[in-house]
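Next come two complexes, and both contain chain A; in the first it sits with chain B, in the second with chain C.
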Partner chain A sequence: MTKNDMFTYLLGVDGDIKFYRMGQLAAEKHTKYILQIEKKKDDIESALTEHLRINGAYWGLTTLDILGNLKAVEQEAVISWVMSCQHESGGFGGNIGHDPHLLYTLSAIQILSLFNKTQILNIPKVSTYISTLQNKDGSFSGDKWGEIDTRFSYLAICSLSLLKSLDKINVEKAVEYIISCKNLDGGFGCTPGAESHSGQIFCCVGALAITGCLHYVDKDLLGWWLCERQVKSGGLNGRPEKLPDVCYSWWVLSSLIMIDRVDWIDKEKLVKFILECQDFENGGISDRPDDAVDVFHTYFGVAGLSLLEYPGLKAIDPAYALPVDVINRLFLK
Partner chain B sequence: MHGRPRKSATPVDENASALKAAKIRSLQTQFLQNHHNNIYTKEALELNAKLLEINPEFMTAWNYRKLAFEHNISSQSEVEKADSDHVKSIIDEELRVVENALRKNFKSYGAWDHRKWVVSKGNSSTERELKLLNLFQKQDTRNFHAWNYRRFIAGLKNISDEKELQFTTDMINDNFSNYSAWHNRSVLLTHLLEKKVEGYFPKEIFLTEEYEFVRNAVFTDPDDQSGWFYHLWLLDQTVKVDMPIMVSSWPPCGSDINLPIANKVTFPIVLYFNETVKGLNSHTVTVETESDVSKDITWSPLSTNKFGCGQAWVRHLSIPHEELNSSKTYEVKIRSEDSQGITSLSGVPCSQPWSFAFRVSVCHDLQPDEGKSFGRITFTDESFCTIDTSLKSIQLFKSYFEVTKSDDEHPTSSKWKLEMIASEIAQYQELLTWAECKIGKLTLARLLMAHDAMMSTGTSITHAEEVLELYSELMKLDPSHYQYYKNEHSLVLLKQMTSCIESLLKYCWQYKESNSLNITGSICLRLNSLSLSRIGSFERLLWVQSLDLSHNQLHSIEGLEALQLLSCLNLSHNKLASFTALEPLRFLKSLKVLNVSHNEIGAHTVDTRRYLCSSPMSHTLSYDPNFEEFANGDDAKLVNFWEAYSIFGGLNLMQLDIVGNVVVDERFVLFLFKLLPQLKWLDGEELH
Partner chain C sequence: MSEAVPSSYLDPSSLVYQLESILESDPLIDEVGFVHPSQFASMSDTSHANTSDMDMSFWSKDHKLGISTESIHPLYIAAKNAFMSSLQQYKMLIPLHSKKVDNISATSSPLTGLENELMKHSRALLLLSCDFGTAWNCRKEVVLSKQNIRLYLDELSLSSLVLSCSPKSERTWSHRRWVIKMIAGKCTNLEEILKNESDLANRIAEKSKMNYRAWNHRCWLVSYMPESQVIDELIKYRDWAGLHVADNSCFHYRTRLMSRTLEDSWYKQDLKATEICQLWKEEITWSEILNKRYIGREALWLYRRFLSVCWMKHFAGHSHTGGSGTHLDLFVENEIKLFRSCKMIPDNVFEDYQAQAMFAATYIMWLIKEMDEDEGMRRRSVVEKVGEEVEQVVNKTLDEVVGNRLHQLFNLEVVVIHTKL
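Showing the complex of A and B:
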């Protein structure tokens, strides 16, 4: 971002410097932070996150791409490591030798999409793994053990759409199940009757967006509930009367964008909140100011800023959670 | 990581961390070895339990326990099989491991799910599970995993909805700031209502008590959000029309429409419903005409989804040229043949049959002169004069308002609803005398509008001024959500303006010159410079042919697709930020003149209409492989023209103004020329 861009952004329409003092995005620091966590193996955090290493890779790599630094990683090494997480069933595990699950299968497909390499997959095999997890009522199990959750509906639908294989499942039934999880507040829960939660709402709205079914969403009702997630500090919470957290800059914002109600929140205040959660010394972004950083919140912070049109960042697609150019490359050709 | 303070690690910390990491990694390696070699010994299970206690999120480790469980049950000896305590001890051990894991992290998806899996095998006591739940629900009253597990146990053990409802009452009495409990209450009451349980059906029985219950909460702390959302749900339960209703149509009931003769006379019939419906086809809604009038095969929804549903539906009728006779009047009758077949998205049928009729005649005036050049149509004040109220077209939409008036007997509003809403209005007016509460004001505005909707006589809205004032106050009181209040304000304003013919006429202007009347019609509805950020009330505007919405703050024109007669549209000086925002134009096949100049098309990196517009990303439109060839190029910028290609490509525009948008450059203009070969005027310049 040039100095000029920054000023135009900060000055806004009214011409007064609104949030100049809060500092700006420490893009280089965050790039460094992401590149070093990949190598770090000797602390508790790395040991405790071994089971979701492939999710971590997706968060880190997508952040790098949004920051314009994807070239800094060794593409071949990443891809071969991702492929070694694949299970004989066709699904992916969170790490080498771990059991497969939709949670990790989507991340693997997303990483390959970032590098424009989905063609190296045995697509019929992967999509069969996913489609056999659909249940009679349209819902999805996360793996063969049968836990059901609308998160898994999103994972399956997003994965299959990226592989151009949505015809492998009963989309109508899948949509029907998601609708059956709609609540009094217009939001969605994990299963019918479960409370609305912003993360869950992203999954359901995202799945409905990808399947062209947003007309089932009560956009004004849900939009109002979502915009009321913004608290005084400018941050967003995930449910009423809870603390704000940077990760909701993704879950809430992307949902608001998909239903075109994002102007109902104060974007400047949210930008300020996210920027305040940066670790200016060592890079990375945390859930709230002065908390410990991690790659999950770094991704959600940077992706959130991209959704807020922060200058210098690549645009991210609110439904597929991948850069817009990656999605356009896949679908507009 | 959540809620852990940021601090730089000392060498001592780092050392300790490295030691712990090594220990965890060693446990993980041993566990994975056991897992891959199907080793389910007591030691192996203990090692796994140790690992799960440290990291309850390790899904593979829970899977291993399930495999071990199945292995140990199926490999029981005959003696063990006969001993029911043996199975029970295996189950108890699993429940113990889960409980330990939950003590470490009560938000662990894997742990809660493992418990569900084990409990589903049977042999568990309801009491034990409820005791566990009480522990975790006390510790964190909002833990949604625990609430989910509670609903699961209630279902598994057949605990009655009434009993669970009592639990939510107790939780709320304990602390009313418990959104999870309010939520569960709405779920349970919905069940009880559906099952028509005595004391909960019909709903007016429980609504009064619920209003009072939630009032106690919101009056105690008006700034706590928990109860307010529940109150909104109660309001919805009170006023909700339980079935789809056809609220308006073009042509209106009983009207006489007069159409100019061209090659053939084609005109749309539009049906507008109070909500999105499906199931309209030539069997459910019939059109009776004389035999020489031909009809489209069937009704089409005016919406982008591929599932055949929409709030507005259209069907075209045409009178062939050889049949045209200016002295003849054609009678058209529309009837819901099978109103049960038309349903809301949730499947509720339109149970009230309806029908209406209108007459069509043709006229020879206003015949377009093929040879004559097409003069530029402008929307400046000089183009218009005050309206002559004796105009034929005014008579037409007058009759349209009279029709809406005759619909007064709202089938669903009843005395109890009105009384309930009136009493709520009084309560919240009182609240606002002592509390400056934003959601209180918003609730009052919603209550007043609900009251008006039920009272609506089609002539005026009683509370519009008061509601507009409330929204203006809210914009000042809660600037973070300014745009939400602004949108609501715009919708109420439009409702007020379109509530009766007298107020609508103030915005109707007559074209001075008659040479373009076959395109514009004689009247233009000018809703320009009203600071509107959103548009609505389309059911009152189905007659509009020429519409000026310029100099507002619109970033979306959703709903405009219902105005099927629209031929001239001015959207200049608004906030339309992308071509996708123009999606509704796809359905406006009569559109000839369009002004979208001075908007923000191309100025934003985020497209908020991306998923509300048909596109290959949402599988609502297939990619047209001719596009690349057509656009003649392969650079990255080309992709920006795709939406313009897919939306404008289907239109027959003769005049377009698009200057003053970031997207417009030389290359784009060339692209437009190619895309719209019939264009006569572009940005005020005549094309040759």
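Showing the complex of A and C:
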């Protein structure tokens, strides 16, 4: 039975049941879905995404934690696998045998943070790997091959902050570079002059929030651009004229929260949009209603609902993208 | 048991070998696609395509290559294994070789053989998994060790091929930028290369709408372009933009190009100033035509926000436009007129007209917000002139989420205006 059939069926039997089913988060199903993809390694989707499996692990594990089910995974096995993705240089690859990159290094640190295990890292080594990727103008390369992007600034700053090693880089210059990527519309792009994009905005605002530099953001102007991302269905898009997509429930929403403008969107409608993207049969959340689910959108959907204070979910920190209790455990002890 | 399993399925490594041979035998292949096996039959009937008799994993003709969707999985596994095992050997061999830096590389050395293997396997792998960063990286490693401009250009060809089936692949675009950075100082035809890059990005943007990665690559090229090329790009692609009015990225590209003309070295030279001013005038007139012709296009209104703000800041109040304050007044007057002509919502309400009215209203609010602090008087007079009409438009769409949000914004805007007056 497809999702659509099921809805028709439910509606046919009892409109209220449909409303009831659609109106809430299928938390148990999502837990099951994530636990099942964690084990699956030999289907074509897992094969073709194996180079970023560590990102997938972070998305899945964080979702489980927000749902209150992190205990359902074998912690030891996950940690030893994460550590086997580390290179001599200190950086992490997306999987065993894959080259290191900041994209995967942050995910590794976030996973270890979820399990309260960052102490097993050789912190000076990891932070040296990250700090050597900073360029003279303050920007960061993603790896030794030199591609520059404000996403990499966020990855570096978030990683170092979680390791309490921000003093290893020139924070002032890093902030200066991020500010140089601000556009006239109030948004941010990946390099100076690049088009504003919600994902990039999250990275820039997140990095500025972590470094205590949000005063550089024109909050009204950026808030204006961000709330114009909400479309009629209640969903958020990532750029003008694009379709809504659940992943922007995270990127746009967390940015709006960080700059204190979240009341500028219709939160109720957004909750409804996210809930409509669930697969009620097999668990998981998709980008838009009736599309195929994946772990990426499942995470962004659940994390978005957490930001919207959906009942029964752990609160998530909008800058670190980790549960608030994980962040408190790190910084308040 | 599944039926009719082609024999090569039993030996995936022979599939990789086939793929590599096809690529090797026709270096001019410029497009790859994934095709369902049922489509192969119809493709073969009408042509003398080069399909293997053993199975239907590949199809190639006229420098186009089709790969069966059924073969992707086994092919990927085999290509990855072949690549990873060569990479491991390469990594063990490299430290031995780097010790004797000066040796004139014998073409038959084990290292060269291994490098060839790596290039072959990574090419096959990347066609199947375009963001497999480790494969792109090892290609960089090999090319870097040779320092041969032709090899760099080969990398541009391979990444074009990958983009033909994976136009949004970030790693593939990034690989191109690496190549261009490496050859920027070394080749004599950089301008031509940049032109080709821009054309490629344009072709891909045509097929894959609002492709952020493609447009971002194109924006990145702008900083390498000489002034004449910036102007050429603006003129050459104006019609294209007029046909893709919903593509925000395409208008952002124009934003990037137009911004470059505002760099100090450009428009502050007296001679050029008039030329640049003329260019801006034309762009603003053209944008107004599009705004009126295509109803309710967000990207067009956002582009006009950019043009207006820059026009007010750099031209309308400056001497090379031939006037001062009055020019600004005339400009603002024109924009109010534009708003009024766009705010009408016909009785048989179409969504697009509502959107058009809303975008026109937010556009005016934007202009008010962006007027200089010392423009208090002008700001006040604009609010007095159209404030009520803007609010009416907002109220008309109030039951929509859009209306709600606008109302909130408008209240905010009134507050901002009042506190700043």
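By our rule, the second predicted complex is superposed on the first by the 311 of 333 C-alpha atoms of A that agree within 3 Å, B and C clash if a C-alpha of one lies under 4 Å from a C-alpha of the other, contacts with A are read in each partner's own complex, and residues count from 1 in each chain.
Operating definition for what follows: contacts are C-beta pairs under 8 Å (C-beta built on N, C-alpha and C of every residue); 3 or more make two chains touch, one makes a residue touch a chain.
Quick caveat, the model's predicted, so the values are computed rather than measured.
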Next item on the list: Once the two structures are overlaid on chain A, check if chain B and chain C clash or fit side by side.
Entry: clash
Margin query: Contact-wise, after the overlay, does A:S153 reach chain B, chain C, both or neither (first, second, both, neither)?
Written below: neither
Margin query: With both complexes superposed on chain A, which partner does A:H197 reach: first (chain B), second (chain C), both or neither?
Written below: both
Margin query: Under the stated touch criterion, which partner chain does A:Q278 make contact with: chain B (first), chain C (second), both, or neither?
Written below: neither
Next item on the list: Examine A:Q230 and indicate which partner it touches, taking first as chain B and second as chain C; both and neither are also allowed.
Entry: both
Next item on the list: Examine A:T63 and indicate which partner it touches, taking first as chain B and second as chain C; both and neither are also allowed.
Entry: neither
Next item on the list: Pick one for A:S255: touches chain B only (first), chain C only (second), both, or neither.
Entry: neither
Check: First (chain B), second (chain C), both or neither: which does A:L184 touch?
Finding: both
Item checked: First (chain B), second (chain C), both or neither touched by A:E309 -> first
Item checked: Stretch of chain B, among 291-299, 345-353, 453-461 or 579-587, that runs into chain C once the two complexes are superposed -> 453-461
Note to self: Taking the stated contact definition, name every residue in chain A that is touched by chain B in one complex and by chain C in the other, in rising order.
What the structure shows: 44, 47-48, 51-52, 93-94, 97-99, 101, 143, 145-147, 184-185, 189-191, 193-197, 221, 224, 227-228, 230, 239-242, 263-266, 269
Check: In their shared complex, at which residues does chain B touch chain A?
Finding: 1-8, 14, 17-18, 20-22, 24-25, 28, 32, 36, 54-55, 57-60, 63, 66, 109, 113, 116-117, 142, 144, 147-148, 151, 177, 179-180, 183-184, 186-187, 224-226, 229-230, 232-233, 236, 276, 303-307, 309, 345, 479-484, 487, 555-556, 558, 604-606, 608-612, 614-620, 623, 628, 636, 639, 642
Margin query: Under the stated contact criterion, what part of chain A meets chain B in this complex?
Written below: 41-48, 50-52, 93-94, 97-99, 101, 103, 143, 145-147, 161, 166, 172, 183-185, 189-191, 193-197, 209-216, 221, 223-225, 227-228, 230, 239-242, 245, 257-266, 269, 279, 281-282, 286-288, 290-294, 296-297, 306-309, 315, 317-320, 324-325, 327-328, 331-333
Notebook entry, point to check: What part of chain A is in contact with chain C in the complex they form?
Noted result: 44, 47-48, 51-52, 93-94, 97-99, 101, 143, 145-147, 184-185, 189-191, 193-197, 220-221, 224, 227-228, 230, 232, 234, 239-242, 263-266, 269
Next item on the list: Name, in rising order, each residue of chain C that touches chain A in their complex.
Entry: 72-73, 76-77, 80, 84, 128-129, 131-134, 137, 140, 174, 177-178, 181, 210, 212, 215-216, 219-220, 222-223, 246-249, 252, 255-256, 259, 297-299, 302, 305-306, 309-310, 362, 369, 400-402, 404-405, 408-409, 412, 416
